[in-house]
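Note that subunit A is present in both complexes that follow, paired respectively with subunit B and with subunit C.
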Partner chain A sequence: MTFRTTEFRPMQYAGIAGAVALAALLPWLAPNLFYIHLATLGCINLMLVLGLAIIARAGQLSMGHGGFALVGGYVSALLSMRGWSPLLSLFIAGFVAAAIAAALGWIILRLRGVYFVLVAFAFSQIAVLLALDMSSLTGGANGLVGVPPISIFGHALLAKPQFYPFALACALVTLGLTWVLYRSPLGTMMAATAENQRLTESSGIDTHRVQVIAFTIGSGIAGFAGALSTHYLRFISPDSYTFWESVSYLTMLVVGGRDGVLGPVVGVLVLTPLPELLRATEGLQHIIYGAMLVLCLMFVPNGLASLVQTWRSRQRVVRPSAAVVAEEAP
Partner chain B sequence: MSMLEVDSLKRSFGGLVAVRDVSFRVNEGDFLGLIGPNGAGKTTLFNVISGVLRPSAGMVRFLDRDISGQPANQTVRQGLSRTFQAATIYPDATVIENAARGTLAASLTGLWGGFFSNKWRIAAEEKAFHLLDLFGLTRRAHLKARELSYGEQRRLGVAIALACDPKLLMLDEPVAGLNPEEAAELASVLRRVKSERGVTMVMVEHHMRTVMGLCNRVVVLDHGTLIAEGTPTEVVSNPLVIEAYLGKEAVHA
Partner chain C sequence: MSMETILVQTVVNGLMVGMIYVLMAIGFTMVFGIMRIVNFAHGEFYMIGAFLFAILYGSNELPFVVSLVLSVAATALLGLLMERIVFRRFRGNELNGMIASVGVALILQNSALLLWGSSSRTVPSVVSGVLSVGGIVFPWSRLVVIIGAIIAVVSLNFLITHTRIGRAMRAVAQDAEIAQVQGIRVDIIFPVAFVLGVSLAAFAGVLMAPVLSVSPFIGLAPTLKAFVIVVIGGLGSVPGAVAGGLLIGLIESFAGTFVSASLSEILQFLVVIGVVLLRPQGLLGRKEREA
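So, the complex of A and B:
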């Protein structure tokens, strides 16, 4: 007999298809452009949170996630302002961020727990300082204005309803690839490393390598997403990705849940609208984010998505466990 | 043919010398017992051999290859697997996943395969089911490992260590904390694994009845030094050993 750990059911397919259709039809359903803007930000946030989730999957917490998005944003902005196609520079931005992560990860992932968090944080601060300091290249505190839009087949994605489908496609591809990764041997090794590194190492798996790979993939996605956002807003500055952005991705991940790909989706849906709606009350959003983080850690430590999973597994478990009990009765 | 050669191995922690100039061999087909009082350095010796700790001095050779100071994951892939003194499992994964994770390093896909096919998973779970069957855990396959009894968790730990098809299996107190029936059951499984799969074994164990029943040879460690070596009966009657260790235990054995 064989058992599948993640079983797919028609209901699930229908749910996914429905959600994707709803997201795709949003430009026609939304009452005004602001909703499309929010949905675009949601797509970009989803990519960033998925990147963070991949790193967390291998048992590490990156407090420098925003730094990689910042690097990606600047790389793509600078290249495209010198005539490169933005469609190409997006990917280069992802690769540059990934390469930095790979080099950094090789050194700092030897550091455990809190040290890793601190060094990743320091990296993001250095990225901000460099952006401020190298003003001849980066425009200093003013940032870079007039970043070229993405154009596909000579068709520039200038208006919000045009950009949104592209962002959605990028987010869905990232989501799909993350799902594939989680089910692969590499994804399984990542989960094993997070749960018991010593045992995984003693099962013949180079856990350091697995963690560096996760850090590289996750940070590469952050670089790509940072670049995507830069071409959407047509602007980037050192303030685009500060420490608070890193904290907010982490909050989305914790509130949504770290276990599968559903968690980041839920976290992004719940938390993306918040700062936009609270824009008038500057400063309050950090407090609300903090409160949500603490409340979630207290009452739903595995995230909102885990509530769905608990409910589903409760439905599934009833019969098999009854069978086991019956079998074991003398 | 000797499978494992430990030569003048030493390991210290700051000023404390936990393993001092230890040399011994494990031959193919052996079931070697490693005994000694608490704090004698048995676990440290295991850790240094398996690559969890680096040696301070000395050499370890496995299958004629120098493996001293080599990372644990590499040593495991060469065929030397070990269990831990405490129950070491993946508590939040299911029992079948626990065993399947043990097979990953030996599976053919490597790090970069199996993205778009389920074959590796089916193969891993099939292999894992054989192991669960061997250790009497089949009915527990879909429980979370944390839901198992202590004895079952210990057995699962051995199953995970066996999943990578080792040539040499090193067990750190496999029956500690088990009741007599569980201990006897695990001993018989180990005997079966040894004869059916031809796995050479080294076992740290305080439980003398188990050592006597399983091991063909015993080495004795005391204060980090190897003080005796021989068949179980020889070792038990060795005055040095009785003085160091069996003085109190011999009564129970």
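So, the complex of A and C:
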């Protein structure tokens, strides 16, 4: 991992503006509702993958990411079914997931290495189990049906084209905040912790705290996104977020790239439509996910987004003014 | 049923499940100790072992020993292949090795799903009847699992502590680089350790196949158990895996019989959190060396 101060160029601003405009105009461009549905799922996935990316930025891997989405989904569903405004319960869901992550992280992140992965994974399994077991509250294996839709100023977001802009806004805000976070002092501390924890610690940074904060933020986003998805599908069950959902977010992150905010976007764009294209062959889709994961780690360990960066730095070599920047690149 | 019988059967069940977990956890912890890879695909080898046994013994009615040897050998071969193609590249890279193992788990589980379908199969018991000691009844089908697992653990322990290759493995687990300097061929030790771990998982699958039913989805639960056990027992510690496995097996059996199955899972999770809080190196583990 190297740190590069990416200077922004007008071309990049234009590119970003174009992509956002394209995403915003999708309801008018899409040939049918299915594409809007896919785009909405993409927005939700992007938030989940960004949450995972923030945790990874601090050098940890959460194999229990789906567990926090599940917690968020149930919290928001239960609150809104008892008359709370879904717009409020979304945030409460995020806070509850974040609070659990903070407590759990404070305990397990004291240990270095893989213990965190193992316990986070175990947590997500416990979350599924509790959802199954507390059937008087959670509806057991049947889940909760008829979760109220999100409503803004009394206007319920029932139809897909109405929900999509809201999901897109949430995803873009998350993306923007992640970008800001990566460029803040905290973001630098996170990256330094991932790069070399002991060295970072010796420069007076409490790396335990940095990792707990990253885990809390990332899991909070997962809780919010899980809640968002629950209000979109208006349904949640213990099967909504199993271990394999956590794996698919991990796949998106690894395939896209773990370094910046571009990676998650690329990963989500590539992998969200895949299950839909391969819907006919249930098992094959997962095999392709698995193969992509393994092949990416072997041949493009920094993700597809890193290919773009490599290409860009090569372009810069041509221009003498940018030669210094290119030299810093690996 | 008298209270006594229930108690004894709960203990027997706990020991049976516990010994299976011990087999899973030892393989898992060995692969981690030697290759530094957290193998999320470990349970898939258990599933494949169980499936092959179900096909050979259950469907084709081959003799028990032949089915057992063939199932474990075929799974071991698959393990060797996976080590060659995938895991070898991620040695020492904990994070990427772990993610790659998740990919392997996805591939293995869903290949089994495509090949053998999602419906679960039952495998006929290897032995029937009961052993009656002083009025207390032990079903042989469960005793066989316990005895088989004990034999595997004891022979593995012998291999690790009394043979050249075992000593080499312990050396590599302590420090691969120094071991190499001493003339140990690390390139051979890695696949040996991986295949041994996979074989233990396959053997556990074979033992459990007649007791539980077999489907492509049975691999995740024992993987989770292996995780829980190695955190409790200490990552990389074989005695810790034995102690942790038996503890978890008994907790599961007692809580399952007298309270509820999900309570036992939650209890196990709390034990994990407790261990991490109070004794982070695990019950029998040594402190992770700061490398």
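Brief remarks on what is shown
Here, the second predicted complex is superposed on the first by the 312 of 330 C-alpha atoms of A that agree within 3 Å, B and C clash if a C-alpha of one lies under 4 Å from a C-alpha of the other, contacts with A are read in each partner's own complex, and residues count from 1 in each chain.
One rule holds for everything that comes next: contacts are C-beta pairs under 8 Å (C-beta built on N, C-alpha and C of every residue); 3 or more make two chains touch, one makes a residue touch a chain.
The model shown is predicted, which means the values in this text are computed figures rather than measured ones.
Of the two partner chains placed around the shared chain by superposition, neither subunit B nor subunit C is touched by A:85. In the superposition on chain A, contact is made by A:207 with subunit B only, not with subunit C. With both structures placed on the common chain, the touch criterion links A:12 to neither subunit B nor subunit C. More residues of subunit A are in touch with C than with the other of subunit B and subunit C. Legend: residue contacts after superposition of the two complexes on their common chain; A:180 is shown touching subunit B, with no touch to subunit C. In the superposed model, A:195 lies in contact with subunit B only, and not with subunit C.
Once the two complexes are overlaid on chain A, the subunit A residues touched by subunit B in the first and by subunit C in the second are 198. Of all residues in subunit B, only 50, 52, 71-74, 76-77, 81-82, 84, 88-94, 96-97, 100-102, 104-107, 109-116, 118, 120-122, 125-126, 129, 139, 141-142, 160-161, 163-164 touch subunit A in the complex they form. Residues 61, 63, 107-108, 110-115, 117-119, 121-123, 125-126, 129-130, 132-133, 198, 243-244, 247, 250-251, 254, 282-284, 286-287, 289-294, 297-298, 301 of subunit A are the ones that touch subunit C when the two sit in their complex.
The touching residues of subunit C, when paired with subunit A in their complex, are 32, 38, 40, 86, 89-90, 94-96, 98-100, 102-107, 109-111, 113-114, 220, 224, 227-228, 230-231, 235, 260, 262, 265-266, 269, 272-273, 276-277, 280, 288, 290. By the touch criterion given at the top, residues 1-5, 180-181, 183-186, 188-189, 191-192, 195-196, 198-207, 209-210, 213, 320, 324, 327-328 of subunit A touch subunit B in their complex.
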